[in-house]
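Report on the structure given below.
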Amino acid sequence: MNKFNLRVSYRDTDQMGTVYYANYLVFFERGRSEFMREAGFTYRQMEELGLFFPVMHAECNYFSPAKYDDLLTIETSISELKNASVVFAYKIKCADKLIADGKTKHPLVNRSFKPIRIPQDLKTLLEKYINANE
Amino acid sequence: MNKFNLRVSYRDTDQMGTVYYANYLVFFERGRSEFMREAGFTYRQMEELGLFFPVMHAECNYFSPAKYDDLLTIETSISELKNASVVFAYKIKCADKLIADGKTKHPLVNRSFKPIRIPQDLKTLLEKYINANE
Amino acid sequence: MNKFNLRVSYRDTDQMGTVYYANYLVFFERGRSEFMREAGFTYRQMEELGLFFPVMHAECNYFSPAKYDDLLTIETSISELKNASVVFAYKIKCADKLIADGKTKHPLVNRSFKPIRIPQDLKTLLEKYINANE
Amino acid sequence: MNKFNLRVSYRDTDQMGTVYYANYLVFFERGRSEFMREAGFTYRQMEELGLFFPVMHAECNYFSPAKYDDLLTIETSISELKNASVVFAYKIKCADKLIADGKTKHPLVNRSFKPIRIPQDLKTLLEKYINANE
């Protein structure tokens, strides 16, 4: 599991006074990026090699609203790893309060958006994080 | 079902050259707003009366990427209507191609964020749209 | 001058209850896109031909806050047209109230981000809109 | 001058492969928030006291595009401090390269959006940062 801290900015809020619901998916993406950095292979490097993780499914459960200037912790792990796809799982917390959780499913594709098998070296890096969230 | 057209702006894209994944939830919200307008009770009016639909769950399936300047159609309907919550269902299309679908679940709350029963007049308006998406 | 209507979405607001300040630049961009469409050469077509208008300067004056669900009018014109750059000018109104105005300056660049002269056919299209905002 | 590091997220980019132009104003806002925190009075506390800094003018000059995963430094200082308004100045750098600079002008207003004088204790905190960017 990767843990990453993120400060809620003003732009993340909406007129309800809390974080706009789509922005939790943005926080998930930040968690995913930091996860890959910790795993040893940044997403930027992946893209430079012509490997992309587009999203085929995303979901989020909202438990307690985050607010402007909150310091959130994003916990990211792998909940499923197949030959050609991966599911990331996320928990967003503020101190010990659970704000939201969710997951995103990604096929691996090449520059032509064709699905491809996850290379063994990348798979080995990701395997270490399976179930690490439980 | 409410149908609503929306032009993809440059800000909606990311460096993959397609719409950033969280922005489909923004499009759902635009669909929801236009749905309420058609139903006869805008979300702005609801908020002025102290009625809010925060999101407790959101999910999205991505089928085909939308691109800058695409003219999308957002189809919004009700897939579930209970005493104190509602589930909106969405389809996003570009011409006849399905881009994404999804749903969002909302409790009705008052200004103190306390869950409340959906008033009968609002319920009556929403009931007309149940299953209209099938 | 191109006139274009735009509905303020919930995501455009922040916790002050009005449109977040950076989003007026998003509205300018929407105006720019619709301007180019009316001029007869969409920005999407420009990019397909390898012509880009990155931004080198942007400014915005805020007069009166726009709110969720407001129907805004974006007025876009050209205030300056040189051999290798263009300045777009914008006014954002809600009914007859001036919400914001501003401008953005853009060099024309090719796929390698090298500045290039504006082709005569594009220049001819743009010239028609000079000072049209006055 | 306050210095603050910020990682560019995927959502900040657009299809040109670089940061979308309005998002530099979002980075300015992040700098402003961190500036206030360092000055000893967070913007969140200000709002709780009924003090707001809406934006009346913003401008940005773009020198070199920032990219996904860049670690940017936002430098924020005060370039002008009057009885009822303040101008923040910003520089955004990536390593030693200047990415963008700009400024934002803010009146101080109360909950009713009425302009008010900047209280002496707040003014004293801000005065320390005048010209600190030169």
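Labels A, B, C and D are assigned to the chains in the order they are written; within every chain, residues are numbered from 1.
Operating definition for what follows: contacts are C-beta pairs under 8 Å (C-beta built on N, C-alpha and C of every residue); 3 or more make two chains touch, one makes a residue touch a chain.
A quick note: this is a predicted structure, and the numbers were derived from the prediction, not measured.
Farthest from subunit A in terms of Cα centroid separation is C.
Annotation: 23 Å between the Cα-based centres of subunit A and subunit B. Averaging C-alpha coordinates per chain places the centre of subunit A 28 Å away from that of subunit D. The geometric centre of subunit A is 33 Å away from that of subunit C, both derived from CA atoms.
Residues of subunit B in contact with two or more other chains: 10-11, 16, 18, 22, 26, 29, 68. Taken as a graph of touching chains, this assembly is complete, with every chain in contact with every other. Chain contact summary for the complex, subunit A toward subunit D: residues 7, 9-11, 26, 29-30, 33, 42-44, 68-69. Here subunit C touches subunit D in the complex through residues 16, 18, 21-23, 25-26, 29, 52, 54-62, 65, 104, 113, going by the rule given at the top. Within the complex, the subunit A residues that touch subunit C are 10-11, 13-18, 20, 22, 68.
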